Amino acid sequence: MLRFECDYGEGAAPQVLALLGDTNLEQTPGYGEDAYCAKAAAQIRTLCQAPNAAVHFFVGATQANLTVIDAALRPWQGVLCAESGHIHVHETGAVEATGHKCLALPAVNGKITAAQVKAATAAHRANPSHEHEVQPGMVYISNPTEDGTLYTKAELAALAAACREAGLYLFVDGARMAYGLTAPGNDLTLPDYAPLCDVFYLGGTKCGALFGEALVVVNPALQTDFRYAIKQHGGMLAKGRLLGLQFLALLAGETGSGNSPYYTLARRANKQAAQLAAAFAAKGCAMLYPSPTNQQFPILPETALAALAKNYSFTDCGAVDATHRAARFCTSWATRQQDVDALVADIAALAL
Amino acid sequence: MLRFECDYGEGAAPQVLALLGDTNLEQTPGYGEDAYCAKAAAQIRTLCQAPNAAVHFFVGATQANLTVIDAALRPWQGVLCAESGHIHVHETGAVEATGHKCLALPAVNGKITAAQVKAATAAHRANPSHEHEVQPGMVYISNPTEDGTLYTKAELAALAAACREAGLYLFVDGARMAYGLTAPGNDLTLPDYAPLCDVFYLGGTKCGALFGEALVVVNPALQTDFRYAIKQHGGMLAKGRLLGLQFLALLAGETGSGNSPYYTLARRANKQAAQLAAAFAAKGCAMLYPSPTNQQFPILPETALAALAKNYSFTDCGAVDATHRAARFCTSWATRQQDVDALVADIAALAL
Amino acid sequence: MLRFECDYGEGAAPQVLALLGDTNLEQTPGYGEDAYCAKAAAQIRTLCQAPNAAVHFFVGATQANLTVIDAALRPWQGVLCAESGHIHVHETGAVEATGHKCLALPAVNGKITAAQVKAATAAHRANPSHEHEVQPGMVYISNPTEDGTLYTKAELAALAAACREAGLYLFVDGARMAYGLTAPGNDLTLPDYAPLCDVFYLGGTKCGALFGEALVVVNPALQTDFRYAIKQHGGMLAKGRLLGLQFLALLAGETGSGNSPYYTLARRANKQAAQLAAAFAAKGCAMLYPSPTNQQFPILPETALAALAKNYSFTDCGAVDATHRAARFCTSWATRQQDVDALVADIAALAL
Amino acid sequence: MLRFECDYGEGAAPQVLALLGDTNLEQTPGYGEDAYCAKAAAQIRTLCQAPNAAVHFFVGATQANLTVIDAALRPWQGVLCAESGHIHVHETGAVEATGHKCLALPAVNGKITAAQVKAATAAHRANPSHEHEVQPGMVYISNPTEDGTLYTKAELAALAAACREAGLYLFVDGARMAYGLTAPGNDLTLPDYAPLCDVFYLGGTKCGALFGEALVVVNPALQTDFRYAIKQHGGMLAKGRLLGLQFLALLAGETGSGNSPYYTLARRANKQAAQLAAAFAAKGCAMLYPSPTNQQFPILPETALAALAKNYSFTDCGAVDATHRAARFCTSWATRQQDVDALVADIAALAL
């Protein structure tokens, strides 16, 4: 079985394992207060051109999401998000478990718009009984989205402007940040994110680390006492240096030119995904979403999916019509070209 | 600086790193549903002689504690614990953040008794307005305790009996389980824990893993839907196999004789701790708690502590009288004998 | 200004005030453990033909809703409800504040169907990653709905069957129960509710009491320790007898024939609402929802609404098209016929 | 049975019932946005000499406590309180259910001191791992305390100074405020409270109302969006005017001279309590606490308590030694002098 169902099926980039091994018996303080975390944080601040940002490391994305949202919001506030947003449908109500409601908005290709944010906040303010509703306090988006699509710089800027006008925080879930930064057509760089967002993260788990997300807290109002929030939710790793070390390995030598493993591994995965997309297109398959990143969502006859399922794992995305279903195929930092080639060949051989 | 302030200052036992490296590029399903987790769970069930137990892996102990307690209790129930219990004083109110109150009991050397549990539950039942009080729903203990001490088999059995009589769950935090299992005088084995406890864990983070705790859920009532609870609190590691693999490495070859790294590394650390204790005793120092495990709590003149602090890190445990303070010195699975020897020599050289 | 914007604009039925006055200086135990609460509970059990039900009294409906849902659900469970459900859109996220997600379903005239419940639970079970989703644990409906409409006995029975098959609780918010029980065409009686629902309530606040909801807990699994839940959420009224007394006054003499104030006052309000509906219909106005109860939702030109707003208060329900808006007009147990007559006349005089 | 076990055993002062009756059929907006609430709030601001305070009305004290604390604190903050504090031991963990820990301090006669607050906050700041502890965010006291005792103006001022220095809010639970304001020896007036506290309340439930607490939010930081918090916790009474009306009745004509029912009824109850205290003292009974207010805590032989229990209800406060127990006897705004006289006579007749 060749696995294409997700981008967390393997361990870590060799550079990550090597650095963990090299430093294994060093003694450092715990809980992220070591020199490696400090060094990784400094580099991330530099790459983001955000010298005053606070950087914190989390083991996983759900943990990061729930901690940020709980720390940012007042008890009666909720978070505007796409109806397909990870926090709304894939995290077992983790946000609600901290007391906050996800205020889901209809999404096109996984994206929401500044106009939707303006309309939602305007409607709330206009309601004379607004105290009976959850107050919007934040906008959460994922980039790349859960559908593999990307926000443009203009779209993100418009969301940021809408948030500032309405007094909302803007939070970007960057679990697949590396794939977004290196996607064809992407126009958003790390230095673009910092001034537009209040808080965002660079995902590691899906981008070459064993685990880990690097949270960049730009807004000073969110920086105060943030480590209490991490600890309270069980997210403060005892051997915190493991997180700093992994980002140091992934970002080694990076100065913005995109030559570090974080960028090069993701760029390669995007190319492999494009090869899969081309193979499906050559067979006349439509795609559920127009994704330039490492997730591809072809629509196929059920029989064709069944045929592929004999040798490949992928994610079922549900029925599209009576005889067709959509599926998700992921490449990752670890995808072997030979596996892609095999899948491309088998797609080409499908009887559609 | 030689570090003795905790038992999570280094990385992992070499066997752990080796296994992670050997399996790094294998593809497996995520979220703990892989064959390595299954194999590790099976071995732990065997070692505990608990064939029907469910085994789940967590990244860290606070995450395990808050998830177990939240999943076990009804909303109006609280958890009886020692006033020195980790959940009560070292986890930023993580349990309260899930809505449950820690019902702290006075502790002697970090331990609470069956008599205290009986008294607390009897008082609650006897109160005609008991609905105005938090209802005890669970007893939480740590073994070894936060003070390095151990419960005897008789003490644990008495606690278990008190819990069953009162309808409470018994939960044992085993973050330092390996040090307890291998301590001189300990009479509690893994097969003893399973029938006495409803849920307990074998700590990995402090016992040779990079991170990880193996939770053993014995009581079937706590097994249903438990993975939802893990995910909701952000505790479900995407690359879950990393947890299974680490326990496989630590427990390699273990059949109860205590020859696996999990036992041998802890046994060695306990011996080193005893060397430190002997060195302090030889200087006439009293110990704050009578610990047979890897944490030692000598009481020293402030001047002596200041002298040691030049070359050694340790944890300040507060003033004992006008001129003396207690301190915590930890050994661990990684402690080098040469460091212990150096510290022993420097203790011997103290002018007390 | 004549007020038609809600059904809680006045105090209480005279019988309620009289009984409160007559008993004012009696001494009773507090917190609902008095003889009046016991007597009211017994009568409600009798009227519901539910001799084993537990009856608890709440001051208000939001308090009742959040307490029931929090007490019933496991932490990772959510509550299926209409997208227009009171708990989803009118209670400031009270349910989420207890940690539980509202799982909103599209609604027609404020109602959801057994088929929707079956589909939602089937989809959850079929998802191989269902632990990453909130688990449905309960169905919440309002009857009458927020749109004034009613479930039929067949619809409620189908919902109950779907719930039992899927292991969900069925909870009916009866804040306007009296208006439903006495509406033309209604075929649901109190003895019908008890065997179909796990828990439901008879609203008092909107039906003639100063305040108060009488919760009927039919399912024994929800009865245990329920008073703890009430107290924990601040819902246990010190002078609890005030609640029992009010329901005794409203249900005085009631044996099922519908002659008590609870029924007669609501029946009269429904008739007045029908007079308003007829007046709007006579002018050719469409209604937003087909309501047989005390809430009516006519669609009117903005100019006509503005004209009515000079002398009458009502609730704006939003734009229907470029020139028309919907509005809610409520009658209540306290509505004076002369006010209805005046409004009917002014509707008739509208230039549409 | 003559009832002395609490101060909420009867209904309301006649003036309260009369005003509710007089206004019963008036139509007003709901949810506290009516003219009566506005008028009552204005009067309370005037009496407190706090023209910029926000005043909100709650049905009960637990509801007020949990709402204020949840609205005020950041998620990782807890509330310092006496170990005998109502929120810590009599509210079923209502505060913890909102996610916040009660940080209990040893109390003498129900009171805590500025020195304790300073020590607790200093210890937290001094801990290098303070992120692993709950951060103190507020001090909660009751005045009168649960033991019937009073804080002096100097004590409250010292607490306020300690709070401001440490950045904590000071919250005074005034469920029995009227008894404190009118107690012999009290030196704290309403105009004293406002500048010292961030938020406090004037209890109505125990002081002559059917129910109700008037919360005075002095600190502007706590005023923003507070009505959302009330609604979210189910504390927003639909017919909110009932709360405003009751305080208008109790404070009728009050300008600070203490001639309104709120003061005169409490003053009378304090005198009656003093008569009971004198009767116990005449028999040589010690008192558990030195209370000048309406709660008295005599220590009596168990046999004597059993004798009194035949005709009087009171609250058992537990064993003091092998043969003696303490009990609580309460007077209230409704206590009949003839009942006090009877009890005084029966105390005098006890064979001690």
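Lettered A, B, C and D in written order, each chain numbered from 1.
Keep in mind that, in the parts below, a residue touches a chain if its C-beta (ideal position, glycine included) is under 8 Å from a C-beta of that chain, and two chains touch if they have at least 3 such contacts.
This structure is a prediction, so every number in the text was calculated from the model and none was measured.
The chain pair A-B and the chain pair B-C differ in C-beta contact count, and the higher one is A-B.
Centroid distances from chain D, each centroid being the mean of CA atoms, peak for A.
For the pair chain A and chain C, the distance between C-alpha centroids works out to 42 Å.
If you average the Cα atoms of chain B and of chain C, the two centres end up 50 Å apart. Averaged C-alpha coordinates give centres for chain A and chain B that are 34 Å from one another.
Shared interface positions of chain C, i.e. residues touching 2 or more other chains, are given as 75-76, 91-93, 97-99, 129, 131-132, 135, 228, 231-232, 236.
The touching residues of chain C, counted against chain A in their complex, run 75-76, 78, 89-93, 96-102, 129, 131-135. Residues of chain B that touch chain C in their complex: 31, 70-71, 74-76, 98-99, 129, 131-132, 135, 225, 227-232, 236. Of all residues in chain B, only 1-3, 5-6, 8-12, 14, 17, 20-21, 23-30, 59-67, 91-94, 97-98, 205-206, 210-211, 228, 231-239, 242, 334 touch chain A in the complex they form.
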